[in-house]
Every structure is written in C-alpha cells, then in structure tokens.
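After this come two complexes, each holding chain A, first together with chain B and then together with chain C.
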Partner chain A sequence: VAKTPHGSVVKRRSKSQIYQQSIRSCFSVASRLGLTPGQTKMRLNTSRKAPKSQNITDKVTPEHLALMIKTEWQLSYVTPLYQFRHTQLKSYARQLSAFIAAEKQQGLAVEVGGQQNTFKVSFSVLEGLAETNDDPETVLIQVQSKPLFARPDDPQKTVWSGWLSCINSNPEYLRSLSKDFTCLPLFGCKGAEGFTSLVKDWLQRTFDCCFGLLEISQTSLQWLAALWTNCHMESNVQSLKMHWALPVVPPLHVTYTVSADDALDLWNSVRKNSPEKSKRTDEEECVDIEEVTRFMQGLMSHFYRHFRVDLSAGDLTRVSTALGSAKRSGRIK
Partner chain B sequence: MDDSAKRLLQRLVRRIPTQMLRDTLDKWERLTAKQRAFVDFTQSKWTITQELLAVCEERELNVKHIAELEMIYVIGNPNQGMWHTFQLVDAEDDAHSLELVQFKEQFKTHLSELKRNVAVKIKKHTDEAVWIRIAWGDTFSRPNHLKATYVVHYLQTPFVFVSGLLSKHKPLLLQVLTLSTRHQGIKDANLSGQKLTAIRDLLMRQYQHVFPTKYPSPLAERNRSVSNLHIENEQAEASANRHRMAGEAFGNGMLPALQSAVYKLETKFRDLTNETMTERDKPLRCVVKFSSPNILESLRHCASTGIASTPVTPLLSSIPLKGRNYFVITDNAPSASSQMCQTQD
Partner chain C sequence: MATLLNLSDSDFSVRNDQSLSNRTSNRSLRVAEKERKKNEAEDPFVLALKYFSEVEVGTPVIGNDELEKNLVQVEKVALNRGLSPEALSVMLEFAMSLRMGSSPCARVLKCLLPASVVPQEAVVRAVVWLSVGKIPISTQVLFIKWVLTVFDMIDAKDRLRAIYGFIFSFVTDENLCPFICHLLYLLTRKESVRVFRVRKLLELQSKLGRQPYLLHLLSLYKVFCPELVTLSIPSRMRSGFKNHISPWKSALMGVQKRNNLQVPSSISTAFAGKDKSTSRKRKLNHLELPAMSAVTNKEPQMEQTSRRKLVPLVQIQSFSQLLENMHRIELPSQMGSLLGSSLALQYLDCVQDEAALLRLNFWLGYALHEEFLFCSDGGANQNAGEALQFLNRLLCAQHFLQEGFPSSDAFLYKFLNVWDGSLLCPQILNLLSNIPVIPSSQIKTLLFEPLMQLFFTSSLFFKCGLIECLNHMLLKWLTWHSVYALEDDLDISLNSHTSINITLSGFKDSVMDLVHFVGRLASVGLQLEGCHSLLLNFILDFYETVCDTFLKFGLPLMVMPPPGVFYTAFFATDPVSVDRLAYIMHRYKVNLTSAKSQEKVTKQAFHINRQTFRDFNHYLVFMVNGLWNSNMCYTEANLQLSEELLEKSGVPQYSTRFDLIHHPAFMSYAVDFHQKCWPGRKDMDLNSIKQSKPWSWYLEYLYTQGFDGLKDFIQNNIGRWA
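Then we have the complex of A and B:
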C-alpha cells in the first residue's frame, strides 16, 4: 500500500479554530472512506500529515462554524450525484419542500410539532470547508418549521439539518468521473428520522445516487485518538476517553479516560523512539500508522498491567476528547 | 389536604406505573375497599390523580400519610435512584445489643436535637432492614417531602445505605447515625449503585459462593484424530482451570447485579518496549469504569474465556471480596504495590 501523505489536519490557535481542526480531521477520514466502500481498502493511508498552521476563520463564516460544531452528526456515504448544480440550489429547495408536503399529505409520519406545521427548506453553500481546488463546495440543507398559526415575527425553528461534503478527495478519482457527476461523498445529518429518510429519498430520486451507512472503523477511531492527542500540543483537549465493548455475557463496557497531558507524553515518547522518524523531514511532519498502533498498544498494556484484561479482545466503540467525539456507528461531533 | 400533600400525591401518581400503584394503594390500607374501587385505573394518570385526591380529602389525609404511601412504594421497589454505602466503625460495648425500639428513639431524638423541622418515619421491613425516610426542613421552612432521603440499616451489621441525600445534610445524618447506633465513627464504604438489592447482597455475602467439585468438560466428538485428541485434552485442562479460578474470584451461581465499578489510577507507566515513558517520574493519571447489567458476571466470563488472564488480579477480585466498587490505586499504597508486584511478570 503506497504511502500517500494525505489528510492535512490543520493547526489552530484559538478554540474555534481547534474545533475546525477536529472537523477536518474527522471529515477527511470519513470523506475518504465515503469514496465507495469497495475502494477504501486501497485508499486507506498509512500515514497522514501532522498539523500545520493555516488561517481557517478567514474561509468559513462564524455562523456556519457555529452550525457545524458542538453537535452530533450521523454520517452516511453517498455515491456521486448526477447533474447536481451548485447554481440550482433555490430550485432544489422548492422541489424538496414540495416533496415533503406531498409525502405528508399521503400520511407519512413526519410528526415534528404536530400536523399544523409548515415546513420551509433551504439549500445553501457552506463555503470554506473544501481543501483542494478539485473539492466541490459543501452544501447545507435545512428544514425549518413554523406552526400554522404563528405570528409573522415568530422565529423559525430548524428541525432538521444535513450537509453534503467533499474534503481532500483523491484528485485522480475526481478526474476519472464524467463531467456530469459531482462528488460529495459525505453526508451528515441530525434531526427526526422521518425527515432524514425523506431527504435521502428525494436526493436518490433526483440525482440517481445511493446512500449507505458509514461506520467508523477501529483503525479510524485509533487515528482520531492519536491525532486528537497530538492536538493537545496546541490546545487543551482535557482528556482522551475511549469506550471499549468486550464480548462477554452480559456485554462489558469499559470506559478508559486518560489525562491529556499524560496521553501526550506517551504519544511523544512513541514518536521520539519510532523508526519512522528518520523518514520525516522537517517540513513535512508525517504521522505513520505504526506510531498510532504503538500508542494504542501502550495504552492497552498499561491497562493490562493493572487488570490483566486484554482490551484488544473487544471493540473500540467510541473515542472522545474536548475536541469532539466519534462513534463506531458513524456518529461524529 | 394542603398543597404539599397534593403535590406529593400528584408526583407519586406520575412516577409509579399504574399496576404498581394499585398494589401500593392496597398495601397502604388507608383507603376503604369502596374508595379504592372508586378509582378507575384504566383512565389517564391525570384522571387517576383527581380521583385519588378526592378520596384522600374524604379521609382527611395529610402529607404524612402520603409520605407513608411513597415509603411503601420505595421499600417495594428499591432498585431506583442511586444508593451509597457507609460503614459504621468503632462500635461501643452496647452496640451489639441494640434493639429496634432503642434505635428508633435515639435516632429521632438526636435528629430533632440537631435540626428543627425534620419529618422522620421509621419502618422495619420483614427482612430485618430498618427503613428511614427523612424530609428535611429548617428554621424557616417546612419539611420538603418532594426530596426525601431514604436510609436503610440492618441492625447488628455496620452497613448503612443512603439515597437522595444532599451534601449539606450529609454530616448531620452521619453524625446522628453514628450516635444512635452506638458507634464512634462512620466512613464511606466506596460502594454505590442503582440496585440496592445487589449492593446489599454483595456486602452481606448472601449470594452463593459455593465451590463445585465437578466442572463440565467439552463435548466428546466422534471421529477424533490423534492430534486433535492432544489439543483437546490440553485445551480442556486449561479451560477447566480458567473456570475454576473465575469461580474462585467472583463466586459461582447467581451473582448480585452490581452495575458499575470505577478505578482511579495514578501509577507509573512501565513497559520495557518504551523506555522514555517508563523513565518518566510522574504517574499516568487515568480513570477506568467497568459497566454492564451485571459486572460480576461479565468479569467472571472474561476470566473463564481467557479475556482476563487468570489468576484474576486482586484489583478485580476485590470487588466481591471487599464489597466495594470505587478504588483509588497509587504506587504508594501498600496493597496497591503488592498488586503491582504480582502483575509485573
């Protein structure tokens, strides 16, 4: 497997920028996996670039940033969209609105706030998340509701949000697609399940695409554990919390929380002694999967020394730090 | 009925599932059979509340009676909320001969001496447990029956279980308990959980801790080749050993349903493959929490399947042995260091 120094986890100075950094690391990981599961095996990198400075708040508006962070998204992968145009967003909003209204009339249970609500759909471009020039811009979809007899100045409430995104995709892959296709392989959503299926349904019918649930693999979770710990150099991640599930009867859950300072010391000691160090130049800080594995092994051996329980017999199901959390089921924050 | 009685009754009807409400009202014995028949339990909870309020008014019941109803419900359904365990220490000479009547008198006296406006109810349950319900007030306010503290104590044992206690009332309650049970001190037993019955059973060693003399062996296959036979024999022996040691550590048969255990670790990192980290002077600080519908069964299964290496580490076997589920482990503690020595091969 060739080494492709791919995902740039961007370095941040302020807290909001750190969140942005964690989003990118998550999205990059997930986005790459979104490029059709069949191909992921060949595309999984063995090394990633460590953080480098960049000014991101220039690229993403504070309002957009506030929408994305501190909220848990359920991830799915999407196949390329046929004849999707970033210029047609207003039309798409109208069409989706009409679709939802029609489905409601047919009696589909979209009971958010009762029968009386009217729903308004908006499509917008969330600029700034795309990394390379080839990445299409992220599209944000929101469903807002207002009770039927509300006053004109009553605020609209967002009952469902979702977005389609593409960050740091493989340029070769993008170029191999025909011009009619737009690649936005990562879909994230939060809100009532009823809306989620309606939106997915409409997208599938309109753009001839397919959705699939994106699970975050053990390896990806381990990457996040290591990369987020690495971020502790720049910003306080407070602690590294890992959830494991052991396959016994009844199932045993282990929550292993390590103080961030100590986790960082372990991480640095792994990197300092790693044979991969010689392959790094000063300019390109690369993190190799061997280092991630050794970091996890260090944590597991400390656990074993005390409890004589082998965590690798179970599954890592969730990783979280102050920067965010990622779950095996494809939920990310 | 005054406001506090009405509010408490409303709260109880909301909280208690309908079927259980019916049973609890029967046990309460404050309403006549006719009055109980008047309440239509097939209706909505709101309707039930209104009907109950009406019959309680008829009987001129007050908040103390409603508190009694709540107590009956909690005694019958103790596995809710969060229970914390305390252990009485340094018994005085007459502690062992303490009788219920004495204890009740002493408890009420001491409590009223130290705090005004407190409503106390003491009840002895069939299984020798003494249940105490305390509604706290102060000089300026009446007892708050919506946030009562429950205490369970088995006379002749040093254990006390408490639920719903605010930290501001804690020192007072502990002092009163110590005095009225004729002890000199009380300490945190580091055992807590949602299921009172589980933590009680764990402490009282009421669960089966038998050592069976026979262990099931793997099923014999029909056409076994010679090499398989050797492997199987080897495996059977190893498996039997694991099962035995798992049983020795955690017990055999049904285990009390303890649901979590927390370990706060502040020990040095030691791994020969990572010299830098091993040489570090500071301890690695971490917190480990085990949770499951029954952690003792889960851990026993870990040991018997080999996920946990046997012999089982004292850190884990301490849960049933010492009857606690909160541990702080440092390198300096004598028990911890002996554990460290054992696990270091």
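Then we have the complex of A and C:
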C-alpha cells in the first residue's frame, strides 16, 4: 500500500521513535488513490531502507510525544486539503468549536468566535514530526469540554483528539500539486465517534477533502512484525503477538505469541546479510520483502508443526509488541 | 394635484386599452384621447382617489358617508381589476399616515390588490410611517404581510435594501418579528450581513428560543458569511417560512387572471433555492453529493471589500444570473456539489479553474474508489440504486462537459480488473467510452487485457455492448482529433485540463491499436457466437466508423477489417449485413482514392501501407466476382479451398452460389422478383434473371428494397466496367 519508498528499520534508542517511524513508513500514504493523472498504479515497495536516523525526542515536546505514544489511533486517509494554511489555525479553532456547538444543539444558531462554554477546540502544530523538508508539519486537533455541572474553575477535559500528518512523503507528488493544496494524507483520531464524524465533516466542508478508512493490509502487518522483531536488537520488545482469523465455521481466532528472542533468532536466520556484517561495513541497512515473507513462513510452519493448523489459509488481523500494535481495521498504537 | 391627474391618466390607459381595441380602429388617436379625458372627469374612481389623496387630517370617520362611498368605489375597482401603481401609492399613503385614524387603515390595506406592479417608493414611505405613526400592532402585522404577499410585484428593491437596517430594527418587536424576519430574508444581500446583526439575532434567539423564522434568517446569513455564524437546522424545521395565510391571495389570483397577467411570482417561489432536506440514511454516504454551501475558509489576504462582492454559487439560480455574475462567482466549499447542478457545470466549463477541477477530481476519485474498490462487505449490492444514480449523474456531467474526468478514468483502469462485466454494465461501458486517448505504450495493460478477459467470458449482449462502447470511444477520439488537430498539427493536448501531450503519430498508433484490437475481438467473438447477426451488426457499426477516418475526421489512417469479419459479413444470411458490408467497402474505396489523389497533389509523406491497398483489392475483387460475375474464386490467400473439396460438397455450380441471385441473403428477393417478372411461369428458373434486361430490372428491384449500400457499391465499382 505504501507509496513512500523509504521504509525504516531504525536503530535508535527511544522506543517511541522506532515504532512511530516504522508505522509511518507503512502508512504515510501520499495517495492511496493514485489520483494524479500521471500516476495510476500503486507502487508496492519490495525493499525498505533505513533513513538517516534522527531523534524526535529532541524536537517534539514531551507532552505531545506522550500523547502520540500512549493512545491507540484510528487511522484514515485524507485527500489533499484545499486552502489549508498553517497560519490560520486560530481561526479554524474558532470555526470548528462553533460548528460543533451548533451541531450538538440542533436548531440553535451559534456565533463564530463567540464565548463557548461547552466546547473548546484547539489547533496546534506538532513540530518535529516531519522527516523531509517537503513534509508539511503535523497538525494536532483537540476538543476540550467542560462537564455540564462543573464549577467554573474546573479544568477542561480533552474529550477528543486527532491529528493530520504527512511524514516521508513522496516529494514528486507534493510538487505536482498546486499551491492551493496541502497534503496531510494521514489522519488519526481518538475519542467519541460523534466527535470524529463532526470533525471530519467540518474538515470536509472547509477544505474540500475526503476521508476514508485506512485498512492496514496483510503485507503491511507482516512488515511490522518483521521490523519490530528487528528492533529487539536495541530495545526489548518482550514478545511478538499475532492474531489470525481463520475462515472456518465457527470462525477461529488464533493468538500466536512468540518470545522476542526466538523471533529475533528466526529473523536473523532469514536475513540475507547478517546485521553484524552490515554494521561493520556501515552500509545502509536494507530489508527485503522476501526476507519478510520467509520470516512469516518460518513462523507459520512452526505453528503448523505444533498444532496442525495452517495459518496461511487465514488472515493476519493484528500484530503487537511492546513497541506498539496494529490492527487490520486501521487501529494503531 | 397635478401628479394625481397624471396618475389617473396612466391608470386609465390600462383600462381603456382593452376597450380601445374593440372600437373601430379608424378613429384617430386624438379622438380617443378626447374621449378618455372626458371619461376621466366623470369617473367616480378617479374622484375617490382624489378624495383619499386630499382628505384632511382629523376628518371624522363615523357617519362619514363620503368616505364610505369612495372606499366602496376603490374596493370595487381593486377587487375587479386591481389597482394601478399610482392608486396603490395614494391608498397606501392614506392608510399608513392615519389621516383619518386607524379604523379605515386595515380595511384599506385589505383591498390593496395591485393590477401590475407595486411602486417601491410607496412601500418605502409606508415602512417609514410604520415607525412614526401609532398604528395598532395588528395593522402593522397586516401591512408586513401585505408586503410579503406582493413582494415579487414590487418594481425594484434597491431602495428597500437601502433601508435594510431600518427594517431590521423592527425585529425586536415580538409580534412583528416573524414577519420582519421573512421580509429580511427576502431582502438580504451579502453586504447586509454584519456582526452586530448576527449578535442581535442570537440575542433574540436566546430570548425567544429556537424559532424557525430566526433560524431561517440566520441560515441565510450563514450562506453569505459562514465565518460569522454557524448552525444546523434539524430536518423537521427545514420547510421554510410558514406560508402565511394572507387575505389577499385568492383575490390577487382572481385579479391576475382577469388581467391576463402572467405574474409568475407567488410567495412560495422565494424558497425555491432553499436546500433540500438531505436525510442521513446511510452511514457510508460517500456517494451522496455534498450540499452546495458557501466557503468558510477564506483567503486571509483577500480584502474585505472585494470579498463582499463575491456571489456564492449557491445563490445563483438561473442562467441569466450566472451571466450577470460571471466575474465574481465564488465556488462552493465542496466541489462535489457541482456535479448535481448543470448551471455550476456550465460555470466550471467556462472558467477552467485548475484547482477547482482538481478538487472535483479528488472527491470523485474518493467516492468511486470507496464505493466500488474498497468496499469489502459487498456494499455495492445493498445500494445498487444509489450507485446507479451516482453513475448516471456522473455520466450526465461528463456528457455535458463532453469530457471525462481524470479520476474516473483512473478508477476505470483499476475497476476493469475486478469487474464482473455485469454490475452496472451500461453505466460502466458508458463511462469507458469517455476515456481519452491512451498512449500506445499503455493501452494494452490498461485497457486491452482486462477487456479481452471480460469479452471472452461474457454473454453475447455484453460483447455487443463492448463493441458499441469501443465504437463510441473511437468516435470520440476521432472527433477530438478533428477538433484539436485543426488548431495545432503536431502537439495536441490530451485533455483540456491535463498537460499530457501526444503527437500525431502517437495518436495514430493508439487509434490503430484500438482498431486492431477490435478486429481481433470481432474475429474471435463471431466464431464464439456462431456468427450471430446482432454481434455482426455492432461490428459493422464499428467498421463504418473506421472506413471513414480520412474523409470524415481527417486522420490519414486506413485499417481494413480482418478476414474473420469480412468473410463472415459477406457470407451472412441476412441481407442487411451484406448490404452494410457493401456500403463499408464503398466508403473504403472513396477514402482510399481521395487519400491517394491528395498524396499526389500535396506530395506529403502521408503514406498508406501497400498492404492496405492489397487487402482492399483482394476484398473488392472477391466481392465483385462473387456477387456480380458469378465466378467465386476460392484460391485467395485468405480463403483457400481445394477444388476437390468443393466438388465433394455436391453443390452444383459452386462458383455461382454467391452471386446476387443465389446468395442466401438475396435468394428470397430473387424468387420474389422472378414471380413478379414472370407471373405465369410455373417452373422457377432463377438463372433466367441473368439475362441482361431482367438483370438490370432485378438490380432496380433490389435498390427499391432499400439496399443503398449495395447500390453505391455496384454503381461505383461495377457500373463503369460493365
């Protein structure tokens, strides 16, 4: 699915970066739809290179980082935003809070920019998430609300948050778009369904963009399983957990947990050039799709030997490690 | 007084026009004038108006017979024919100024039925009186109701709009508020929406609650200035202002009927532009066209003044309005909404805004992909109706613009690979025929491979549909070529919106590929379907386009049909196919000869493949030999049958079996002709037709049966030789 050629197997300290990087690389879908006239085919990359490592802990404020890491996000893809300006965030916040207030109280007109007691929306730039110079900065949207019978000095509680982001984009694609468009193709959100649809609705109306649920394909999940296993070299991922759904009646769900050390052993055995060698030569690390497939095959045949269940007949629905988790329905943590 | 006389003058001109026409026309105009003047002085109606315009302040009402008499007079005229603009002014002025107190006021208002138009001035003056006099509240309401009823008949609205703020001040009055809101709704322009008015209305809202009239006015404000106010109207409130039962309505209709006036306006038209209620029925409503709404997200650098002048496209309701505001139209916030409105498409086609088209394309690509490619739960089956409607709308838009959208093309290339050939078949084929020229290098993977699979695995009807679709595609490509090639010979842009260019030779390659592709499909398809004549007809349709590429579309390209098509058509058992084949061969000949002569004249390097000529000559000789010379030759390169094999078949005189008499398609005509020619003869000898006289009669007979293709073919190819 991924359009961006740069994947990342990162060798860094911080857990957070590692998993964020790898996830991003899989989903920073410049355009899943291939909407530009010239590009009509999806590219499936067969090999991923590690980009120059950078430490995002230095660039992102700790609160934001904690927020990004600790929550499970539901992902969507977004078509380019029309007339989005990073300089106008304050006015967007005013408009969106008025919009939410108006939608929540059907049939009551609300002044834009007026005092809102119930909902407060903030737009902010999450600096430091961009990887290349072409990437537009990530935008964080938060909806805060005060409980109905709260005392006036009670702090407002964040009831919904979401972000629009673009990391490791395809510069060619970005340049082919005219200046009126901003490409922030990945949307993650957390919070009540009602708010999600309201915010999406408003974004759609305001920037003429469309949202679609982003499913994480089998292949991407396999990539994640392999890449996270690879991370075990630097940080403890504890164990590799995988969920499979088998199409039998009644449906069979299999949870397959492998200890990280074993998984890493298997991973190293399927690598074409062992990591030690590549480290010595100081080459850029490359992971091949074939290696990933072999890794998964190894895991599956192992399972078959023990339980006589062929997992390749089913679908991989979820992969998780201590670094994070990803579900096929597009939820990641 | 002078003004009054003046007024009544024109008043009567209305009335007397009709009677004048009845009178003998030989009377001079002057006599008529005199007559009218005389009538006027005596007319009680004129006197009544005079009375109302001159009556002194404080004249008693009770027991005033004169007032009663004059009022009755005015009422009579009003109910009968309606009041002239001038009379309206006088009566309105009289009523609103309360010169005789408030009691006759309501009565006068009730009879204010305009005959033609309502002068704006009078209304403005009356509104002013509204704040000066001590008019009872019920009368005030009555007056506003009257204004609402006759709103569309007010001759101009500029002065009324000028006192928008003044009218606005009445909203604070609880009784007047609903009606004032309605009036403001009708008067509001973008420049009248201001922050302080929004605040005032919101304040009222908090005082009065969610009143529909406030909401409707506010929703209009939102249309103009979404950056100031926002609201969402629940569906039960969407019906618009209540159509206030007005005492004038039926009387007004009667007056209009009597005057034969086609006043198109009734109060309800003021809401025609209101957004239709869009119910939220589906969770995944990506196929719903977004409602058209004004832009919230304005360019920050844009100046306040220039922004004021922009007209949102939502407000445009007719083509003339579109023309008037062409230069200052603001596109809606969601471009997808354009698809539903032909006016909007017209505008889009005209402005050629790159960003706007791109937005439309993003949305369209998203909707199509979500509906047909990403849906995992087979959602397409659940809402086939909706998908159908959507595609039809898309087709409509494409036909209107005479151009496909890049995103729908990109979608089709992908969709063809997963399509089963039956889901929404007509729509998909129709969309497919709209795709622009594909460069020869990609045409195979994008188009031919998936289509080939579909073609060979589908029913006869799909095959016919696909051939027809490819015929349309070819026609569009050729038309497009003939339009754009005139402008620039070599480099032609593929599509007016994209920058992909294609050279003439590249274009020729693509067309050639397409024609060859259809040739292959046709050859095999005819075999698979046992030379079905329906399929054959669609294929011949295609070749009717192909044979005329040079003369009709100016494309120096000639491709002959493959043997699989030619011989099948020639041996067909239905005369129509043979006739059409003859016509096609005739057109080939005309095209080839004119191409050749042009080649000689211009000495251009445009060169038709020698093989094409050779093929053509083969076919021609074969046809002439078979149909005319009764000397079918089976030793051609394409069709080799040994003599022994033919003799084995036991058919006598096999070489004559496909002449115009014995050809299975024409046999019945020959028999019929034979019977008509020699009615007495018992034994049928078809060969006797071959004698020169009956032969020419027979040809004439065939021509009268409507075989024009055959006629063209024979007259052009054989006439000279024979």
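Rule of thumb we're sticking to: the second predicted complex is superposed on the first by the 267 of 333 C-alpha atoms of A that agree within 3 Å, B and C clash if a C-alpha of one lies under 4 Å from a C-alpha of the other, contacts with A are read in each partner's own complex, and residues count from 1 in each chain.
We adopt the following convention: contacts are C-beta pairs under 8 Å (C-beta built on N, C-alpha and C of every residue); 3 or more make two chains touch, one makes a residue touch a chain.
None of these values were measured; they are calculated from a predicted model.
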First (chain B), second (chain C), both or neither: which does A:V258 touch?
-> first
Looking at the overlay, does A:P171 come into contact with chain B only (first), chain C only (second), both, or neither?
-> neither
Name the contact category of A:H306: first (chain B only), second (chain C only), both, or neither.
-> first
Answer with first, second, both or neither: which of chain B and chain C does A:D180 touch in the superposed model?
-> second
Greater chain A contact set [chain C / chain B] = C
After superposition on the shared chain, which partner residues are touched by A:V270: those of chain B (first), chain C (second), both, or neither?
-> first
Would you mind writing out the residues of chain A in touch with chain C in their complex?
-> 33-35, 37-38, 40, 79-80, 82-85, 87-88, 91-92, 95, 98-99, 102-103, 106-112, 114, 177-178, 180-181, 204-210, 212-213, 215
Footprint of chain A on chain B - complex, ascending = 263, 265, 267, 269-271, 274-277, 280, 282, 284-295, 297-299, 301-302, 305, 307-309, 312-313, 315-316, 329, 339-340, 343-344
Which bits of chain C are touching chain A when the two form their complex?
-> 198-199, 201-202, 205, 210, 214-215, 218-219, 222, 226-234, 237, 286, 290, 293, 296-297, 299-300, 333-336, 354-355, 358-359, 361-363, 365-367, 369-370, 374, 376, 406-407, 410, 413-414, 446, 498, 500
Which positions of chain A touch chain B when the two form their complex?
-> 246-259, 262, 265-266, 269-270, 272-273, 294, 298, 301-303, 305-310, 313-314
